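In the two complexes below, subunit A is the common chain; its partner is subunit B in one and subunit C in the other.
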Partner chain A sequence: MSELGIALRFLRGRRLAGLLTALSVALAVALIVASVVLARGVRTAFVEGTTDYNLVVGAKGSATQLVMSVVFRLDTPLPNIRVSSYEGLREDRRIEVAVPVALGDAYRGFRYVATTSAYFAPAPWRRTTLAVTAGRWFRDDPPGQPSHEAVLGAEAARRTGLRLGDRFYEGEEMAAHPLTVVGILGPGRGADDRAIFISLASYWDMNEIARATSDKPLTAVLVRPRRMSDLPGLHRQLNLADDTQAAFPSVVLLTIFNLLDVAEDVMALVLALVAIVSGLGLAVSMYRATWERRREIATLRALGAGRPAILRIVVLECGLLATAGAVTGVVGGEALAYAGARVLAGRLGVVADPLALGWPPLAVLVATMLVGTLAGLLPALTAHRLDVAEHLAPVS
Partner chain B sequence: MTDGGPAIVARGVRKVYARAGATPLPVLDIAGLTVPAGGWTALRGRSGSGKTTLLNLIAGIARPTAGSIEVAGVDVAALPEARRDAFRMRHVGYVFQSFNLLAALSALENVMLAMTFARARSHGEQRARAAAILTRLGLADRLAHRPHQLSRGEQQRVAIARALVHDPPILLADEPCASLDAASAHAVLGELVALCRGAGTTVLVASHDDAVLGVADRVLDMAELNRAGRAPVAMASA
Partner chain C sequence: MRGLAVARARVALVVVALAVATGLAAAAHAQERPRLTFAQLSDSLRANFDVTREMKSYSGREVEIQGFIVPAGPPDLSFFLLSRVSALGNYCCEAPVGQDETVYVFAPRGARIAYDPLRVYRVRGTFEAGKHVDASYGVSMFRIRDAKVEEAVGARIFKVGESPRP
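Now for the complex of A and B:
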């Protein structure tokens, strides 16, 4: 029988205590893995979900709120700007593309995003282009002639169960303006997955205030200049205007990352404490087991096992417990992260696939096995120093 | 072991336990002890007379405060600990009063333990030898049983198997029948005698049981052998 075999049998001999110890390690590891993976997922999702446009133009107010509402749809929109502002930008020679966006109400939690076909148009500078996988795009209706056609983001289509040709509305006041599903987008990674896209004409027709005004409302305009050198001038000019502001999405993203950094630092501190508590728990459990087993260890010594062999057996036993807890914890943590990602994606639409992030769980796995083995050193040294003759007699 | 010579020779062996904040406690003071090879020698004495301490010193489990103990021609008291462990593993079998079987291991695995650390035999050979001696002791159908699933008599037979499975030239037994009822003690003793006499094993057994003393070739009285019990004050200052 090998030393590993003896360690395994020692574990079998205290199955319940071992299971509980491994479970406590697994819970700590799962918490660490899920937190790290989700935090990285959120960060990645913000990067992947950000816009390819360089400026977001909207009403005066918080630049962060403007970007968070228009690009990530994680905040309430600022007050409206007028469509004339958009028309002014469209005529500006310095601007290559200006895309109007109006954020409306929601159908079963999925927000209406009114825009034009320019929003979906491919361009060399776009990292990803949205594509319709079923049906077609909505028509770019002229004002006053709304078609009430809708194109659903992939997640919105999946969660609402709407299919091509379905007519839908939410609230009795909208019964007179039902929308018809004409297209469904393929899955992307950003907030567009959770959007219901309609034409501006349809949006204005559904909006009581918009129907009554000639200068129609918009939430924002996405802007890309012809030359990057024009960007500072445009930014300054739009911010000096009475009714608009221009925000750099990249700057807002940096603000978000700074906030995430603080949150992650706090989280790292908490997780470090969790790891220490878990390691101490493992060491205490093994110390207790070793102390209760001192007569058996003395017997092993009397049978010829040297002190190094005893040390190896106890460290092996502790390492096995830590490994069992680490493997279970990593699997559980990944499952937890996956479930958490689904929940966050369902609510916020920003979390990337946690299973695509390979190395943190592996690092936690290796670290746990190392810490677990180190935790076995204290009880192992206790066993190592045991006075054999003193402990061969029955433990009273 | 030297041919025809004694298996164990102890000279001037003393064991004194140091106690923090108290007078050192002498437990053993033996001027001389010789155990002939191949024989069955019994140590008779009441509890606390130093029998177990003497067996532990001979086995190299503990070191004497003074004196020499030659076992099979080697002064075990002079060996460093690692070499004492290795020496014991090859030359000494030890039967404990309370069996000292490992609760998490089966009967077969408990017996295999005696060969595990020597690493002289393959796993298969260890298993075969352990199964053979357990079978010889009437435990063929108990190989996979764990200690709590065995009677006390069966547990002691497993302990005997463990002490003898690696063919040690010397067997030390500490009150081998004290934890057993009369019937079990009789059976266990018979098996121990048969195994040791057949193999020519030198046996040193500590007991105050007349049945055990009755099978010995020679009985040594610890009251006469151990001077520590007679003059504790003098020993303490020694």
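Now for the complex of A and C:
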């Protein structure tokens, strides 16, 4: 019989103990894989889902709140700025594109985002461009002539069940201003997938205060300069102004990533301890198993198996247990990460596909097999040094 | 036995000589890499998007520039601006005036750069001077490609008229 066959027979001989040992390894691996994959998924989603515009201009207040609300729609918006601020930016020769954005209430949790067609216009510097897959864009209607047309993000359309031509509103006070679905977007980025886009005129008509003012309210303006080298000057000028602030979206994200780094360092420490405890558990289990079957090992030796063969058999057995636990753990961890991503996406809308995040599960798999095999060395050495004569003696 | 000892001594000698040579080569390479300042960049600008011949002579060479990171591009910092003034320095110092204040830096994707808005960074890479139009980032005058970025502890930014060497 081959060494692999003997190792498998040893495993079958203590099926329950082996199963429990592999299960403990699998749970540890699943925890590590799910944690690492989800943490990377959240970070990747923020990087991929950020805007292509370089500055977000809004009211004075928290830059993080401004970017999180306007770009990712994860926070409540800051107070409004005036449309005259946008007009000033539009006339600035340093600015290539300025896109006004006004965040409104929501329909069944999907926020109204009022803007112009410039928000969707293709440009060489845009990584992805949103496209209407059904219907058409809303009209860029002038103030005072609202069309109350809405274009739904892919996720908003799917979750609300709204279709082309449907009229909808939420709240009694909005019954006088129902919106009509004229277009549905294809899937793009997280935040835009969950938005209901309308024209600024429609937004202003739906708001009692906006109807009464001539200098209409906006939440923010997205800015793309003609030259990146103008950005520091623009940034400072807008921050020194009395009524606006300018925020670099990447500065906000990098600040959040710096905080996440600290949390991830702590998590890595905890996961390392989990890995050590799991490896020790495997070693103890194998040591006990080796000690319990010292008579079989002595018999194998008496039948001609050399010390190196015994060592290889025990290491092989431990490696098989670790591999079974690692494979089960990686599959379980991926499933856990997928379920976690679905929950987070439902709440935040910004989690990257965990199954697309390549190498970490593979690295955990290989590391577990390696550590598991190494954990078998101590019991293997015990078996290697076993005194044949002593353990073949009749049990009295 | 004596022959073996002599052979070992020779091998040790060769290893030491190689280490010294490598160290000297690294030191010489570091000396060859010029450090450019924002003052020099600013002084080199000429009309019609031109720069001086001296500044152009650095094009294609590896240089070092120290400054603040302004994350004007994506959050993975594969592109950012290097500036004389921090992105958070809104109230502390004179305002940047435009192209002479910034270098366009392109770093390899996946390079891990720990961003701190208030720290000065040492950026090394292949330098380009002169007008260039990039589809994603527009017109630039100074660029560093394939950049390596590290914190420049104790560094200071030199203004016009100042020099990094005493």
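Note that the second predicted complex is superposed on the first by the 391 of 396 C-alpha atoms of A that agree within 3 Å, B and C clash if a C-alpha of one lies under 4 Å from a C-alpha of the other, contacts with A are read in each partner's own complex, and residues count from 1 in each chain.
Definition applied: a residue touches a chain if its C-beta (ideal position, glycine included) is under 8 Å from a C-beta of that chain, and two chains touch if they have at least 3 such contacts.
None of the values given here were measured: they were computed from a predicted structure.
Visitor: Following the overlay on subunit A, give me a clash-or-fit verdict for subunit B and subunit C.
Guide: Here subunit B and subunit C can both sit on subunit A without a clash.
Visitor: I want to verify one number. Taking the Cα centroids, what angle sits at subunit A between subunit B and subunit C, in steps of 10 degrees?
Guide: 100
Visitor: In the overlay, answer first, second, both or neither for which of subunit B and subunit C A:G329 touches.
Guide: In the superposed model, A:G329 contacts neither subunit B nor subunit C.
Visitor: Output check: A:R12 vs subunit B and subunit C. Expected answer is one of first, second, both, neither. What do you get?
Guide: After superposing on A, A:R12 lies in contact with subunit B but is clear of subunit C.
Visitor: Name the contact category of A:W125: first (subunit B only), second (subunit C only), both, or neither.
Guide: Touch status of A:W125: second partner only.
Visitor: Counting only touches as set out at the top, which of subunit B and subunit C does A:G376 meet: first, second, both, neither?
Guide: A:G376: touches no partner chain.
Visitor: With the two complexes superposed on chain A, say which partner A:L254 touches: subunit B (first), subunit C (second), both, or neither.
Guide: second
Visitor: Quick one: classify A:H235 as touching subunit B (first), subunit C (second), both or neither.
Guide: second
Visitor: Give one of first, second, both or neither to describe whether A:G183 is in contact with subunit B, with subunit C, with both, or with none.
Guide: neither
Visitor: Quick check on the superposed model: minimum Cα to Cα separation from subunit B to subunit C, whole Å please.
Guide: Closest C-alpha pair between subunit B and subunit C: 32 Å.
Visitor: What part of subunit A is in contact with subunit B in the complex they form?
Guide: 1-3, 5-6, 9-10, 12-14, 295-296, 298-307, 309, 388-389, 392-394
Visitor: Which bits of subunit A are touching subunit C when the two form their complex?
Guide: 46-47, 50, 54, 96, 124-125, 225-233, 235-237, 239-240, 248-251, 253-254, 257-258, 261
Visitor: So in the complex, the part of subunit C that touches subunit A is made up of which residues?
Guide: 70-77, 80-81, 83, 85, 87, 90-91, 95-99, 101-102, 104, 114-117, 135-141
Visitor: Could you please specify the touching residues of subunit B with respect to subunit A in the complex?
Guide: Listed in rising order, the residues of subunit B that touch subunit A are 52-53, 56, 59, 61-62, 81-82, 85-86, 88-90, 94, 96-98, 100, 102-105, 109, 112-114, 116-118, 123, 126, 162.
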